[in-house]
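You will see chain A twice below: alongside chain B first, and alongside chain C after that.
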Partner chain A sequence: MQRLGDFKLPHFFNYPPYFTLQPVRETREKQVQLWKELILDYCRSQKIFVISLEEDFPLFSNPVVERSLSHEARQVFLAALVNEGRAEWIDKSHKKCLILWLRIQDWADYILNFVKENGFEDSVMTVEDIRFGIETRGTELAGIDRGVLLRALKLLEQKGKAAIFKGTSADDEGVKFSA
Partner chain B sequence: MAANWLPPVSLTASGRPVFLPGEVERCLLPAVDLESENPGLAPFRSGLLVLTSHRLLWIDEQSAAGFAAPLAAVVHAYPPKKSIRSMFASPRIRVQVSVSPDGRIVEDGVRSEVITVVMRGKNDPDAFYCRLLEVLRSRQWEAAVVAEKRNTDSGIAEPPMAAAARVRMPVVGVSGILRKEQELWESTDKSLQEAFQDLNALMSKAKDMVQLAEKMRLKLLSSSSASSNADDEEMGSKQEMQDWLLSVGIVSPVTKESAGALYHQQLSRELADFVKLPLERAGGMIALVDVYCLFNRARGTALISPDDLLQACTLWEKFDVPVMLRKFDSGVMVIQSKARRDEEVFARIASLAQKPDALRTGISPSDAALTLGIAPALAKEHLLTAESKGLLCRDVSPDGFRFFINLFTEIDPSDIYMIKNNGPAHVWSSALSLSG
Partner chain C sequence: MRRRPGIAGLKSAAAARDQYRLVGENVARIRADVMKEQLETFRTQLEDFARKHKNDIRKNPTFRSQFHEMCAKVGVDPLASNKGFWAELLGIGDFYYELGVQIVDICLSTRSHNGGLINLQELCSLLCQRRKVAREAVTEDDCLRAISKLKVLGSGFEVISVGKKKLVRSVPTELNKDHNEILEVAQAQGYVTIEELEKRLSWSSGRAIDALETLLKEGLAMIDDGHRDGKRRYWFPCVASIFSAPGSDGFRSL
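And then the complex of A and B:
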């Protein structure tokens, strides 16, 4: 089984047509679906939040069969994720894509679950604590994209589950969770 | 309606008359009635009239039945009448023919009868009359009869010129054949030069040209049995020469001159007859471009334009012919026999694409061309069609454009690591692991 870092690649990664955008509708739908799954799985395992179309992305080429995705193909697959709400274009020119292997709502639920399990109700954490602190180490929250985290926290705030306030430094915010 | 006072003639599968040896088509008229002066005989109504160098044929295209009167029986042809009254009626040309005592139209009849050709369509009666007189004067049917008699007299079915050549020069392999051909060509060089002087002369010489080709073919056939010790190479070149000779001859090509408004219809039928052999050889499908070349080479003179060919092919939809014109999505046009089924082709492509090598590296149009026995351009069309049916999928890389058996449908998106046992994907991954 081929690997990309510590990520296990599926068999069809060595299937050359997988890297050519298929023109026949039904075949392409299936191909797009397989790419969406693979991109989400890979990003989740590698904690990748942003894919830039301008830069090399390890998943988009396979040196074993000497195939790589065309620019058009990359755009098609990412656009399919965007359509499903599993990704968002960061810029208008569609060069950078935010991958949401968990949707914002799912992240909010995950945070709430984490707070409850670890007894952080009514306590205060900074955003940077959540992203790089000891408390979140080993969970999905470690290394989370700052923008994604803030959006999830705001969603919790709207539901009355958290309160966001300015922290000591300008670029750090604190959050107080409530049960 | 059964009008049967003329003997029936046989037609080809696509409704063209079967010509006698040496017979050449000279003029065609649509919507023609044939009436006998004998009121007891029912007239032939609204058929296609074909004037050839030997016969006057009448063909009913609906029921695909044809009848003929030999021109040898014609005693006299009366010119179309010119009068005020005839301006309002369909033009008529009366032909006096000799009739045997039992009422058949024969060469040496005992009495004569008048047949009237009634032209209901927009035809030019004067032009037809001129052509008829021309044909009657040339008396080409007599040449055939004489040749036949001579053959039966000498007791061998062989043209006299060939017999003479045999006496002088023994046949030794291909060089012998070539030498004999050389002589033949030289002896007919004069007639060739005459033939090119003008078109009318060419039409009357066309018969000789075809006879020449026939003669050469027959001799090749007979000599191949004579020199049985010839090696393979010799046999190969002989085969090639035979093929070449076979491709020489459409005895009576349909020309714009002879067919007029019916040109494309008749051309269409002629083409349907013609493509049968090349189609068989090419495995049931042949590119339109290739047909154009083959067809014009067979016609020799009176070449047709690409546009005429396309029109003739398009008309096939209206006739009951065993071939069809097919346009691929890419715009490539081919002629295909109706008997050929796509499913059969797809099955062969599928089995080709699932061979271990093809699973690893895919198949190219030239691989498919070899397996299917067709041209690479057509093989590519088949592959693209198979792709559009979901049987194959493509791989475009710096190495080229290749096709793989479609495995996308085999993979379950909810478990991308699983491979269905005994499915094509399983075969594929084991072929891959074998290669290391």
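And then the complex of A and C:
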């Protein structure tokens, strides 16, 4: 089995035609489905939040079979993720894509669960604590995209589960969780 | 015999008829009894044999296929009915019905990759993977038997021969001679190009494109425009699958 770092690649990754957009509808649907799953799995395992279509991305080419995805194919697969709410275009020209291997709602649930399990109710954490602090090490939260984290926290705030407040500098926001 | 007139004559004729009938019935009964006895002996012998070798039949695929051959020679189909003593004795019916169900399952779950056409060899290895717990070895011969039982469902399960390989078809697609020949050429590397078909089969490019278009529409082929020579390749997952073990299929030698 071929690997990309510590990531185990699926079988279809070594089958050349999966790198060409298929013209027949059913075949294309299956192809898109497989790529969607692969992109989400890979980004999750490598904690990748943004894919840029202009830059090299290890998933989009396979030197073993000497194939790589065309620009159009990349766009089709990412657009399919966007349609499902598992990704969002960051810019209007569709060159950068935010990958939500957890939806914002799922992130909010995950944070709430983390807070409960670790007894952080009624305590204060900064955004940077959550992203790089020792408390979140080894959890999905470690290294989370700042924008994604803030959106999840805002969702919690709307539900009355958290209160966000500004710190002294712009990138020093704090959050107080409530049970 | 001189005809005797009167009631006495009629009576004796009727008596004679009765006698004939009785004798005839006797003969028939004796014959039937002898037959029954022979059948009984044959049955007990077969049962004894099956009982004695029950484990061999279940565990040893070679023995199993020889047993089937023997049964076929004497005109007995151990799979014909699940109610028969074979099923009770060996569970052999169950064995094949179970295989049948698993085969259907594998064919369905791989259909989106291969368009409903799967290499018998691959089917068999997927079957073995799935049955790891059962520990009873399954051969291609067993697969073929189980598939032949599936035919009664009218679901269109069929085994077709393409070149040296056997393919199991689980969709009602009819493959014509041209399609078969393409699959045969594809067995070498897992794919074909139009140029290759023109050269190997001396076809016109129109004929090749036509047949390939049909195979694409049926979901049996996938196109690949990524090779650096710029020639479109048509891959056939049914002859060289993405599930196969590394090194066992053509495209890996690229």
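To be clear about the criterion, the second predicted complex is superposed on the first by the 179 of 179 C-alpha atoms of A that agree within 3 Å, B and C clash if a C-alpha of one lies under 4 Å from a C-alpha of the other, contacts with A are read in each partner's own complex, and residues count from 1 in each chain.
Following the convention adopted for this analysis, a contact is a pair of C-beta atoms (placed from the backbone, for glycine too) under 8 Å apart; a residue touches a chain by one contact, two chains touch by 3 or more.
Not measured: the values here are computed from a predicted model.
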{"item": "Chain A as common anchor, with chain B and chain C clashing or fitting", "value": "clash"}
{"item": "Which of chain B and chain C A:Ala80 touches, first, second, both or neither", "value": "neither"}
{"item": "Partner chain in contact with A:Val127 - chain B first, chain C second, else both or neither", "value": "neither"}
{"item": "Touched partner set for A:Lys30, first chain B, second chain C, both or neither", "value": "both"}
{"item": "Contacts of A:Asn14 with chain B and chain C, given as first, second, both or neither", "value": "both"}
{"item": "On chain A, positions contacted by chain B and by chain C", "value": "11-12, 14-17, 19-20, 22-24, 26-27, 30-31, 66-67"}
{"item": "Chain A-touching residues of chain B, taken from the complex the two chains share", "value": "362, 387-388, 390, 393-399, 402, 404, 406-409, 411, 413-414, 416-417, 419, 425, 428-429, 432"}
{"item": "Footprint of chain B on chain A - complex, ascending", "value": "8, 10-12, 14-17, 19-20, 22-24, 26-27, 30-31, 33-34, 37-38, 41, 66-67"}
{"item": "Chain C to chain A touching residues, read off their complex", "value": "112-113, 115, 191, 216-217, 219, 222-228, 233, 235, 237, 242-243, 246, 251-252, 254"}
{"item": "Complex interface listing, chain A residues touching chain C", "value": "1, 11-12, 14-20, 22-24, 26-27, 30-31, 65-68"}
